[in-house]
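Before I ask anything, let me first share the structure, which is written out below as structure tokens.
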Amino acid sequence: MVDAGDTAWILTSTALVLFMTLPGLALFYGGLVQSKNILSVLMHCTAIACLMSLLWLFGGYSLAFSEGTPVVGDLSKFLLMGVERETVFSGTGIPESLFFMFQMTFAIITPALIVGAYVERIKFAAVLLFSGLWLYIVYAPVTHWVWGGGWLGSMGVLDFAGGIVVHVTAGVSALVMAKMLGPRRGFPKAVRPPHAPWMVMVGAAMLWVGWFGFNAGSALSAGGDAGMAMLVTHISAATASLVWMVIEWVKYGKPSLVGIVTGTIAGLATITPASGYVGPLGGLALGLAGGLICYWAVELVKRRFGVDDSLDVLAVHGVGGATGTLLAAVFVVSSLGGVGLADGVSLGDQLVTQAIGVGAVALWSAVATFLILKLVQIVCGLRASDEDIIEGLDFTAHGEKGYNL
Amino acid sequence: MVDAGDTAWILTSTALVLFMTLPGLALFYGGLVQSKNILSVLMHCTAIACLMSLLWLFGGYSLAFSEGTPVVGDLSKFLLMGVERETVFSGTGIPESLFFMFQMTFAIITPALIVGAYVERIKFAAVLLFSGLWLYIVYAPVTHWVWGGGWLGSMGVLDFAGGIVVHVTAGVSALVMAKMLGPRRGFPKAVRPPHAPWMVMVGAAMLWVGWFGFNAGSALSAGGDAGMAMLVTHISAATASLVWMVIEWVKYGKPSLVGIVTGTIAGLATITPASGYVGPLGGLALGLAGGLICYWAVELVKRRFGVDDSLDVLAVHGVGGATGTLLAAVFVVSSLGGVGLADGVSLGDQLVTQAIGVGAVALWSAVATFLILKLVQIVCGLRASDEDIIEGLDFTAHGEKGYNL
Amino acid sequence: MVDAGDTAWILTSTALVLFMTLPGLALFYGGLVQSKNILSVLMHCTAIACLMSLLWLFGGYSLAFSEGTPVVGDLSKFLLMGVERETVFSGTGIPESLFFMFQMTFAIITPALIVGAYVERIKFAAVLLFSGLWLYIVYAPVTHWVWGGGWLGSMGVLDFAGGIVVHVTAGVSALVMAKMLGPRRGFPKAVRPPHAPWMVMVGAAMLWVGWFGFNAGSALSAGGDAGMAMLVTHISAATASLVWMVIEWVKYGKPSLVGIVTGTIAGLATITPASGYVGPLGGLALGLAGGLICYWAVELVKRRFGVDDSLDVLAVHGVGGATGTLLAAVFVVSSLGGVGLADGVSLGDQLVTQAIGVGAVALWSAVATFLILKLVQIVCGLRASDEDIIEGLDFTAHGEKGYNL
Amino acid sequence: MKWIIAIIQPHQLDPVREALTAINVHGMTVTEVKGFGRQKGHTEIYRGAEYLINYLPKVKIEVAVESTMADSVVETIRSSSATGKIGDGKIFVIDLESAMRIRTGETQADAL
Amino acid sequence: MKWIIAIIQPHQLDPVREALTAINVHGMTVTEVKGFGRQKGHTEIYRGAEYLINYLPKVKIEVAVESTMADSVVETIRSSSATGKIGDGKIFVIDLESAMRIRTGETQADAL
Amino acid sequence: MKWIIAIIQPHQLDPVREALTAINVHGMTVTEVKGFGRQKGHTEIYRGAEYLINYLPKVKIEVAVESTMADSVVETIRSSSATGKIGDGKIFVIDLESAMRIRTGETQADAL
């Protein structure tokens, strides 16, 4: 039966998660690029949100959440066939229409995260074609594996709100994308600094607030689980922010705003898979780990690998999500304040399961993204022309200027 | 009896709908004007929000929602007399204080929508005087007709969340306003482009998120109706956005950010009256219709009619709301996934009722707005002086500059 | 037992109150400073939010809400020891984890309000050290006094959502801070106008919406109390805004955007302590009083006292909160639409209690802030160097520029 | 050749440009500047405090022309930008030694 | 007449303006510019990556004055804007052929 | 000395600056300007309405150099900024009477 309290919270959570992408993530990313490309970033986020919504209705949801096989769902819920106004999503107190919506907001933000890898140089048509195919080929199946009755879920993998489903898929795909697309002009010596750090902070703040819907909403009910998920989410975000701030302070003498809010996002991504399983201590530990490891990963990818994953999608989301997924196995244990491992499962077992989850999904994301991009290159090309890039995508792709002061 | 779950959702919805105006609509409109007029737009939205709130308490609510006659309510609920802390709004599980608040946010945004017709050239005093009179003369009675026990509601008109009450009233009044006020300087050849398309997108995103409160909140409960209303609202918004994007892409080779988000708003306005009655298919269809028809209407009003309804209030809201109101009669039928027509009512009957609703309200809005504006012209004048317009309303009316970089 | 409806609303309220600080308050304050200091303001708000969150877990919450003595709690809830996932906060239907979170958002915004007193000239290290000590020495004990079972609560002081706990503490401390830190360069003759009034309005709008969570959330349940609290909050905000607008209009001929939204905040601060006790009439009266008195206080502090409480924290928050606390004693009486005084308590009695509450907390805030700042001055210094101030804190303290257009 | 510098009111830019086009001067370079002069700034009032803004937004036009045309260009700018109010601005003329079009390398009058 | 161009540090604008006013020069035009010179830019660090900002914000003052006043104006600007640190800027003087006040049509020294 | 003014395409600023550095010209002042010329502006389309933007963003470089270097500086700017497309811009040369370094009071060539 529908429970009004639970439904009220998931209605709200759905609004919060949509808010994360529109305008949260759009502003977070938009502030980090040059002023001649801000509109293109906003356009990417908006168009992805719209397109994913329709594709989710046209089979995406069904592939993820209908029974099907352990590998992928079937098309029985294409266009929400068979889902009535009053149908309750099984095992919960919320209508299935609402579950569909809540999950849709995840299906929106995940490909939108990848925007960070290709800003300032991609063709707009490629964004749409890539994101659409990616939803069907990467996102929907992986969601099925973990949450939709698929093989990873059956193995007992722990991923409360999408460390694997959202952050590992997006992060790994971002790296492949960045590599295949090539770097921004001038990378790494002569790229321009973020055009509006204030906007980055505003976006990050909206992501933080919206993440309460993401993680605490994933409880699918309004009770102790949601309360604790919100708590650990917040503690992890705060901790990772301060970690990032301290590192910059020690290293450069000046803690930056862009830095502290990058730490926030790292902390949020890291706690995500664990947020329903751990207690306050877990929140602290994952925030600490997320801050330290993601900071190091940012340097690793850009400096060592020399890959222009421009806005650090792999380093912040992918690495954060993977770290949290692994540490979930540790901090789930009751003695550390977690809900406890499943009966008969040891910490070691769980760790192996988690690693398999991360590894398998990373592999699939990489391979599939590679193939999709090969196709995109053939169909419409991937990279904008140098002339367009120099003039800026706002005008060359969208015919507008961001600022007419 | 008060239901905590339902109440939780309507408390949230009220916050969401206020958020639509402040700052959503303010940013959406503010980004579309020149930088010398941005503050005036924000000021209009803020001052209207404040003034309407008080007028709603001072009789507005009572005229709309007390029994009275089929044409207008009485003053029995002036200053909320007789409404106690624990009074439940009849037929629902929420306190009447909350119903008052939820409806107040509608009474705020409706006159605020009309701002789009008169930006960059109106006197500030005229904004206040016009909006105040308009609330009492147009908004409160029409609300009574449709939702407050008045004649249109009794006829069985379908308007779930305000296609007629909000969008038709605002859209038609906007046209009359634009016509009587005269165009912006330089219209149509030499007006300046939107000063901040990024801000337009941010405002649109907030409107989108807030609209979940508007439509799904109009269920006045947290259950299957709210879930489905949220779903169809979202699908319509996404569809209309993509329609607008595709039209621009085909026509000009460049899909613009301002374009896609205008589509979003068109899709949202169009689904509004139908949002509680239709299913996913209805959401798709109304989004499609809204995108196509509003796009065409924008060109029609500005190019053919040559009326400077500057930010397209009629074309986007009025036409969208009317389209959705008419199509609600079609997609409400159960075979198309809707909740079904009332017993003994045929699709044709319903269509006629819907048309009468749209027509009567459009007529009343036009006539009343005309008369109110005549009065305003006499009392304080309508149009700012050319000198003030050239220097910009921010400084001449409010003594401030929008940007001091 | 946990009630899903109540929990849903407090989960939402927690998100709303966090949203007030991040990014609401940050934008409100950020728009008021010069463009070379915007990032520093955003950084202050962000870093305070993160630090306070951890300190709240590390004893802050425990000092405020564990039993202890009438003067301060003990450390029994340090790190949330003993609070389980399903622990219900006594006397409510929400989990204690959530109560912890909801209250934490108050513990974040209160020190963040003080930012307004020290913008554009403070050392970043001093912000952190001061805010941290202040949380333990001022905020946590005062919260205990009023809400945590301490002496003021036992006396029957009325402070529904923090007129004393939040606004008086922050306001008085701000004055002491401003006095000890010294004015901005050029104060009062040659300071520069707000660099982005539009941003001030956006922040104020977010504060307004978020304040619904602050006040209506303080009911800790979703019912008539929350509904009425939201209503009076809104009415007070709208009234005070219009009061401020009219004063400016009469005095200078031009009502400003910064002015009207300052009125909004004054109205919100004023109603806060009374929001759960009064009816619509109380909302009107407190809005009127808040608007008038805070306007006068702004002039008093800046012109008469000559203290550069830069963004008027004392005049708007402190004075507003105190005014509301006192007037709560009046408008709580049933004949004025309130919930009524406690049995056997006269209006005069209550007024005395309220005055004691305001006075004692103001005194403690002033003394403690003075002592903390003396310590901060020794440990790391308070005021940035003139050179850094001239170049702007964004670059000198954080190594970034706010705008790279 | 002459280098003509005009400081005018921002909203007079369009009329001036049209007037110059009418006498066949098509090239010019425009900069947003802050002017200090007899025309005084204004005060803005925020929360009861007065902020003195002592400069005014102006637009600077720079045009290189052949010496023979200088007088008519100056006169055209003057007549199309004058409103008769204080703050209308000034026109300055400086001798220009040489000019070159980057694209072609053409010099002097051909470059204009 | 002379056309004096001074490139100075942004925060020295107010002192310079006051000093010029003191010697009765009231009109001037100010532009925000980017300076390249001996004073080097700075690096900003975002997420571990260094961004080199190789220009510095400067302010350009342009003043037209009678020839007889040129030296004292140059000296006034120098003394009021010098801090002794690298990047203080430069003052340039160019010969000015003619000046006109748009509002009145007055020319030469009367126009200043 | 000469005062050289070049109006160029914004994205050619870096190449020009590097080329000038290579011939030992380190100081220069850069302003963002709007150019009107043969190269026409563009239209932006919002909601079906066309907005004509008739100017183009350009960058103005000002360099003071010794007279002997003027030709080579002009040539360096030209060669490093030419793309051969319309709108590449212009270079103007004006006689410069005097120069002074604010910090030291050095004058003429020493000041550059």
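The first chain written gets the first letter, and so on, giving A, B, C, D, E and F; residue counts start at 1 in each chain.
Rule of thumb we're sticking to: a contact is a pair of C-beta atoms (placed from the backbone, for glycine too) under 8 Å apart; a residue touches a chain by one contact, two chains touch by 3 or more.
Note that this is a predicted model, so its numbers are computed, not measured.
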>> Once the contact rule is applied, which chains count as partners of both chain C and chain F?
In response: A, B, D, E
> To get from chain B to chain C along touching chains, fewest steps?
Replying inline: 1
> With residue numbers as the basis of comparison, which of the pairs C-D, B-D or C-E duplicates the interface of B-F in over half of its contact pairs?
Replying inline: C-D
>> Counting only Cα atoms for the centres, state how far chain D is from chain F in Å.
In response: 18
>> So the centre of each chain is just the mean of its C-alpha atoms; given that, what is the distance between chain A and chain E in Å?
In response: 51
> If you average the CA atoms of chain A and of chain F, how far apart do the two points sit, in angstrom?
Replying inline: 45
> Which parts of chain F, given as residue numbers and ranges, touch two or more other chains?
Replying inline: 31, 44-46, 94-95
> Which chain A residues sit where two or more other chains touch them?
Replying inline: 3-6, 8-9, 12, 192-194, 222, 252, 254, 256, 258, 399-401, 403, 405
> Between which chains does touch occur?
Replying inline: A-B, A-C, A-E, A-F, B-C, B-D, B-F, C-D, C-E, D-E, D-F, E-F
> Okay, in this complex, where on chain A does chain F touch?
Replying inline: 390-391, 395, 399-401
>> Using the touch definition from the top, list the residues of chain F that touch chain B in their complex.
In response: 44-49, 51-53
>> Looking at the complex, which residues from chain A come into contact with chain C?
In response: 3-6, 8-9, 12, 16, 34-35, 93, 192-198, 201-202, 205-206, 208-209, 212-213, 216, 221-228, 230-231, 234-235, 237-239, 241-242, 245, 252, 254-258, 260-261, 264, 279-281, 284, 339, 403, 405
>> Touching residues of chain E toward chain F in the complex: what are they?
In response: 2, 6-8, 31-38, 55, 58, 60, 74, 77-78, 81-95
>> Could you list, by residue number, the parts of chain D that touch chain F in their complex?
In response: 3, 17, 26-31, 64, 94-103, 105, 111-112
